[in-house]
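Below you will find the structure I want to go over with you.
Think of it as A, B, C and D in the order they're written, each chain with its own count starting at 1.
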Amino acid sequence: MVRLTHNPIDYHALTEAVRGPHYGAVALFLGTVRDLTGDQVTEFLVYEAYPPMAEKKMAEIEAEVRRRWTVGEVALVHRIGRLGVGEVSVAVAVSALHRAAAFDACRYAIDTLKELVPIWKKETAPDGVGGWVHPTSELRNAECGMRNKDTIEGDAQ
Amino acid sequence: MVRLTHNPIDYHALTEAVRGPHYGAVALFLGTVRDLTGDQVTEFLVYEAYPPMAEKKMAEIEAEVRRRWTVGEVALVHRIGRLGVGEVSVAVAVSALHRAAAFDACRYAIDTLKELVPIWKKETAPDGVGGWVHPTSELRNAECGMRNKDTIEGDAQ
Amino acid sequence: MTLTVHLFARARDLAGSDAVSIDVPAVATVADLRLALTHRFPALGDLLARSAVAVNHDFADDLRPLSAGDEVAVIPPVSGG
Amino acid sequence: MTLTVHLFARARDLAGSDAVSIDVPAVATVADLRLALTHRFPALGDLLARSAVAVNHDFADDLRPLSAGDEVAVIPPVSGG
């Protein structure tokens, strides 16, 4: 199951939806809005998607997860619109017989989502300054530990 | 935070407890009671712990997680007593700035818990047959993919 | 032929529109589209060079032929998650 | 000295008790305790050989000296999670 939504993500319902008596393991990942990126304060984020392509790519990620691992249920949900600090921007939940598949599939799904799915975030600081985040490929490839060096381009309003 | 409990694990509250505005990532793992282990039907499990040692070892796992990774909050909860199919036996929740640390720390914690913490499960089938699960070290080391070959020793009642 | 090109995020801000009509030759590839976009919106330059192009919701390389009716989009480096 | 040894899971079932008193020499190690347990509960044999011994809530190797008042436990292979 994949979905884009303007509403807060109910990750508890999502986790319950992937749980089942056949599956001994559930892995859940939540991405949430941080108040600081390096020393830059974030007041809120705006996520924008190219919806038909984003949902298609998310469905392809689910299909690839099912091809690579024996999993039970898979859920990928990304929120779009304005999100305040602490809100959940993305949730990935995977159930499986055993934990290795649940962890590996969950991580593959979020890693691939961040690499391929056409969704963008715009950061806004308390002073109103901000901009769209368009990582350079070097930084993107350097994994999430480097995300706070993402390029922020331009000033919004 | 580490805890043994006789009550159902409220993993939603646990996840909310590790979330926070500084942390952009949360990883949650749930172990749940499967209805089948290979072709063996499980009706319920009984988990038993050596409580003071189990909580000490769980606290050591949390400390080691904090030593190895930069994480926000860590929660390890294991349920003991009788659990029906589908119930959550263990929950591990970790928040971190970025997803790599959250995933790696969560996985280390559950892997190490399963290896070192003095907790045992007894399987009972619908016909009342069952027994304590005491994996041989070869199987234990072969990781969770092999768990359905765990040795079940003896017949209970 | 005339194609409608969808633009997102900073690419949209730079072009001043979320969808633009672009004329390309009747036999054209993604490379031709990129060239036409660069001429029409010089400010897109650097970001366009770093962006992917999607045709009918799949990433498309520069050799990909375009047809009338294709849904085309400029996909700047993504930052979801 | 006399030590109280805690037993769990199948080890408890085999010994028929969750805590047993075991006499060991005044100067004794975990190895001495294992030997005394084997004599007292022959049925424990195979499982005891595969079990760890914990002293005061830490895993202890066979050379570990024992003292009166130590909290000692037999830890069969664990299966939590």
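Everything that follows uses one rule, which is that a residue touches a chain if its C-beta (ideal position, glycine included) is under 8 Å from a C-beta of that chain, and two chains touch if they have at least 3 such contacts.
Nothing here was measured: the structure is a model prediction, and the numbers come from that model.
Q: So if I look at the partners of subunit B and the partners of subunit C, which chains show up in both lists?
A: A
Q: Measuring from the mean C-alpha position of subunit A to the mean C-alpha position of subunit B, what distance in angstrom results?
A: The computed centroid separation for subunit A versus subunit B comes out at 25 Å.
Q: Need the CA-centroid distance for the pair subunit A / subunit D, whole Å please.
A: Between these chains, centre-to-centre, one finds 49 Å.
Q: Roughly how many whole angstrom separate the Cα centroids of subunit C and subunit D?
A: 72
Q: Give the residues of subunit A touching no fewer than two other chains, as numbers and ranges.
A: Residues 31, 110.
Q: Which subunit D residues touch at least two other chains?
A: Not one residue in subunit D touches at least two other chains.
Q: For this structure, give each pair of chains that are touching.
A: Inter-chain contacts occur between A-B, A-C, B-D.
Q: For a test of understanding, state which residues of subunit B touch subunit D in their complex under the given definition.
A: Spelled out, the residues of subunit B in touch with subunit D are 31, 47-50, 52-54, 56-57, 78, 89-90, 110, 113-122, 131-137, 140, 150, 153-154, 156.
Q: Quick one: which bits of subunit C touch subunit A in the complex? Just the residue numbers, please.
A: On the subunit C side, the touching residues are 6, 8-10, 13-14, 47, 50, 54, 57-59, 71, 73, 75-81.
Q: Which stretch or stretches of subunit B touch subunit A in the complex?
A: Touch list, subunit B to subunit A: 11-12, 15, 19-36, 85-86, 97-103, 106-107, 110, 143-145, 147.
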